[in-house]
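Each of the next two complexes has chain A plus one more chain, namely chain B in the first and chain C in the second.
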Partner chain A sequence: MSIHPEEEREINDGHFRAKTDNVKNILQILKTMNFRDQANVVLSPSGIKVTVENAKCAQANAFIESDLFQEYEIEEEMVIFKLNLTSWIECLNIFGGGTAGAATPSLKMVYRGHGYPLVLELEEDGVVTDCEIKTEEPEDTLDFDFFSTEVMNKIIMRSECLKEVFTDLDVTSEMVEILMSPDAPYFRVSTFGNYGTSQTEISMESEMVEHFECKQTLKQRYRLSLLKPSIKPLTAALKVSVRMDARGFLCLQFMIRTESHHICFIEYFCCPEEEDSDD
Partner chain B sequence: MKCTIGTTNVKDFGRAIHALAKVGEELYIEPSQSGVSFRTISSSRSAYFSYNFGNSFFTFYDSGLGGQTPASGEDTFRCKVAMKAVLNIFKGIHNLERTVQRCKLTLKWEEAKLIIQLTCHYGIVKTHNLSFIECDALQAVYDKESCPNHMVSDSRVLLGALSSFHQQTLEEISFCFTPRNLILKSHVEEPDPSKVVHTVVTLTRGEFEDYNIMSNCELTVCLKEIRALLAFTGSTGISTKAYFSGPGSPIIFTYDSKPLYEGTLVLATLVQKPEVGTHPASKSCHEPRASTSIRKASMNNTLRASEISMMQNNLPNTTSGDIAADVTVQNITVALDNSRVEDIPHQQKDVVRGDTSHSEPIVPLLRNNNKAAQEEEEDSDTVPSSPPAKKSRFFFRRCFEATFNPDTLPGHNVILAEDSDEGD
Partner chain C sequence: MVRRGVLPASLCGCCRETRDASHYFSERMEESRREDLSRRSPALCWGGEACATRGGEGTGLKQIVIGSLARLAKLCVLRITRTHLYFIINEPGTVHRAPGLWAELDQGHYFSTVTMSGVSEEHNEIFLEFEPDKLSGTLSVFKSNNAAVRNLKIKLAKKLSPCLTLEMQMPSFSEHARTVVHDVPVLPLPRRQWHLYQEPEMPHFTASIYLPPLKKLRHVVERMKNLSSSLTLAANRKGTLVLSVTSDAANVSTYFRNLTMPTWDLEGAASQMDEEQLHSATVEIKKLISFLAGEQIGPCKVICNIVDDRMVHLFLLHDDVILQYFLPATRSS
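And then the complex of A and B:
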């Protein structure tokens, strides 16, 4: 896809313009969110927020701060649109993955406003690629209403141990039960599969746990299929914060360090499964 | 029963589980005063694999038999669990040594639960509750003392030799023992030798730690199972001992790291000439079971399945003297692979047909096949748009050729089995 010559001049007049030396920073973040094709994108002076929703029960948000970029300009307070996340990732990945140390393609993104496509320009070693991704009207996204004051239990731990727990979850189990408590067993993940039940407990005294704050014993079940998409950002993250509020909603926050050593956050919200009422 | 495995032995235990998992689908557990035995048997009943872990393998061992009497009045409790469930727990084998500090196994008879608890690094404790079923003893009948032939080898030598066999589809391998050397050959049932890759590896007697062969013999066994065994022993560097007498008798592989553990793999062997026509391998087990095959039952074709049941009824027991009525099916499977209707050997006696030439078909067998083929033809008349399955086409080539006239076969109008009545 090439841009017509007369549009060249207009690229610099767009509502939004950002440039980074290493596209892999953004690519890494977006790849972990790609469990759905569509994503809502919010552009604001503080950065880019990408939201992906799953069955109206789970939501992932990625925050890419503006200081990740070498140049970041936006004319409006907030611009929102929807686009195809898979296509965006494919375009950003157009020069291929490459190993660390390989040449890093640079990225320029331009968005001219409502109805215009998101224009990408990638350059590596003198080879330039430009792409246009159509944008659509944004979708309403869920507001999980997760105020900090409502949060009952919070644990911050290194991601390796939670990753071990989540990747070993019994896939024959539909539900995953998470327990967070100020008393033993402190933190427990249970599955109920075809062959039997499995439980993994992480004690608050573990070296992996950096911060432990549980006010009340809370135990909730979540659908395994809804939690699975959180494994990808978990794998990329350094640390993860697990929070559960009084309603049983789960919020996982992943701290990811990009290739250029910037810190980005991804949030993952999940609704609890309703307990079956006794009829 | 309660036992705890310390960090050094957890890896070996995990490897044992992986090896057992390659052979069978159920894990039989039998605790005793001196240790615990984990056993399995392949679905085709052609391989029996057993690991005995002695008391010293565990940092803590309590067989639980001290005060209790098992319900059925036997000398020990026995149970079995799904192999997949246990394998899932010991999945990450490379990490086991690094991450797992302790593994505790508890058998709770009243609740019928096997509890496996792994205490890992960083204060993580994983507990798995698996249900088990009580069962009878699983014990293959074999006698290694009576085997005249005997060989001891460093497992890595055998593993290296086996690694030369690259074919993905290779299921069986032949061990040809002569007093001077061992020749490993790929064993493929294929009428046209030029269509497949044959591999031959020769190991001279000097490669072995002990080599004691009374007479030449050629044993054909299933490759997957022997690989499972060698994968375990090869990584631990133990020697593998083999005891065998001749084709048709089982070959017994044993290895041990006494007093920690010892393992035994008993494999059924095929007796055969290179071409079609086989005796069933002899292998006795206490557990009664349904029809067996030395091949996995994965070669599926509904027509074939119905043929097997038809032929099973037509065959007499062989003279090998063990519970062989159901074992005879395996030679049928072998024969079918030759995929020519005419080549199905005469099975009335233990006569082995050395050649693959066309022969007068046995009337009842062939006619049944053709009847099935006829039905296929009729089916294809009534449903002209659906083509017949490729395999049946291949087997019953002649049936689909224009000149074939079923009426020309002798006895075509003799009905052996009446149509059964429609349901009420």
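And then the complex of A and C:
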């Protein structure tokens, strides 16, 4: 550790460099994804993509677009590495996201290339924190191949109602069943717990539903433990889109508005549970 | 037999008020037992009374000091002189290198009346060992309803065993005042152990700096605690303080610049040293957090002295409380 002169240090020669006035924007997004310690990070001209996987059956992706930053430069088309997400979040949170009324902490990120750490510089009220987060070879991530299937049911709704449904899920039920159909009940979430079956239905005519497009009846079961990590981004979101394809894969897409009123997306994929019986 | 030095008020307070005969009888039994005790141990007495208006916030302050003690160690020594109270946490010679704490309070500031007589004329002091979390539980009453406690009396008493008796008068719904009595067991220490609890010397530090507002410092240190168990504190003579941690996943350093420095009139030689050079010591984060968490006293200056690779010395002065905290460097530094 060396001491740096009072004047601003030059961070140059990097493959990637980004700067934002308010670290809370990116911190808020990453915090919702922290159900695992490790994450893959992809840096590209359009923005930053962070991927966290769960037991090879579920995956969360956060898209932080480049226009969220005041400055964003990248020399390569795409840079990928793996890092410790928990440590990254602790560093971003070092000043606690600023006190009410005071200036928010600013953030600078630099990545010089393969093998180099991700370097952060945060500043609030004259206090500066430097962080170096070690990077590793990226892990292979699943490709859910969602867009190639033709049949897809899709519902876009306001997040509040799904939030209620998910947070109230019976924890004694190992499985959660989701049904999406062009006919009644349209959208139904069911659990099968120790004390009974619970079902919640949301009709396509509900005020909460903004877009309803279901071509055929699809019903699938998912492990509750795999769906649980989606509750955090759901809580932070304004709207959520629920999609299911013919194979039964579930894709939840969360639209989140950051403190500086930028829109960011987080998507959450989940594999269905293999069923013996035919539903 | 004349029992020198033991206040008559060491009899249980409620007994004197209710004049309950059977209770008085059992007290008499106790008294005769105590006579045996008093022959064996020195006749010590100490009593202080604080009234709410004067001692009110002061007692709150004392509560905070005791709260810090409770967080730091299981045992603490209270040294009582005619004018001052000293709280000492000191575990010399242990393998685990526990931090040392030395807190000094001016008794006159907190108590309107004080009576005291120590071991002898020559050594007019009392050393008591006690468990701070027992005392902090009692004093937490002040934290919650500061204005409500009208009167506090603390005295050294011999009940079943020596104890500090705290009598607090609280308001109640009826006309009669409610008196709450808490007894905290203490162990008087013999004179041959007193040398273990003497005032520590000011260490020969290489850097000395006023800490930035503790709230901010605390937040940064709490985040760093999640990354590593040791933290390095470094300072130079230009008013820069650096906190840093290292883990497998990340290295983090926080720089506080343009801090003020206390002027000490020692070491003329020190001015020859390079102003920019950082002097550092690595300490256990948990112990640093215990210190930072305790200080909600309000704006006060805390001086941080660093002895290269050996120790961090924190020195807090507020009103009539002086707190010194010695954090030894961890072996890995």
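Convention: the second predicted complex is superposed on the first by the 257 of 279 C-alpha atoms of A that agree within 3 Å, B and C clash if a C-alpha of one lies under 4 Å from a C-alpha of the other, contacts with A are read in each partner's own complex, and residues count from 1 in each chain.
Convention: a contact is a pair of C-beta atoms (placed from the backbone, for glycine too) under 8 Å apart; a residue touches a chain by one contact, two chains touch by 3 or more.
Keep in mind the model is a prediction, meaning the values are calculated, not measured.
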{"item": "Combined model on chain A: chain C and chain B, fit or clash", "value": "fit"}
{"item": "Chain B versus chain C as contact partner of A:I202, first or second or both or neither", "value": "first"}
{"item": "First (chain B), second (chain C), both or neither touched by A:G96", "value": "second"}
{"item": "Partner chain in contact with A:I133 - chain B first, chain C second, else both or neither", "value": "second"}
{"item": "Chain B versus chain C as contact partner of A:C161, first or second or both or neither", "value": "first"}
{"item": "Contacts of A:D170 with chain B and chain C, given as first, second, both or neither", "value": "first"}
{"item": "Chain B versus chain C as contact partner of A:S87, first or second or both or neither", "value": "second"}
{"item": "Chain A: partner with more touched residues, chain B or chain C", "value": "C"}
{"item": "Minimum C-alpha separation between chain B and chain C after superposing on chain A, in Å", "value": "7"}
{"item": "Residue ranges of chain B touching chain A (in the complex, touch as defined)", "value": "81-82, 84-85, 88-89, 91-92, 99, 113, 120, 122-131"}
{"item": "Interfacial residue positions of chain A with respect to chain C in the complex", "value": "1, 3-4, 6, 83-84, 86-88, 90-91, 93-96, 117, 126-134"}
{"item": "List of chain C residues in touch with chain A within their complex", "value": "212, 216, 219-220, 223-224, 226-227, 232, 234, 236, 240, 242, 244, 247-258, 276, 278"}
{"item": "Partner chain B, residues of chain A touching it in the complex", "value": "161, 164-165, 168, 170, 194-203, 205-209"}
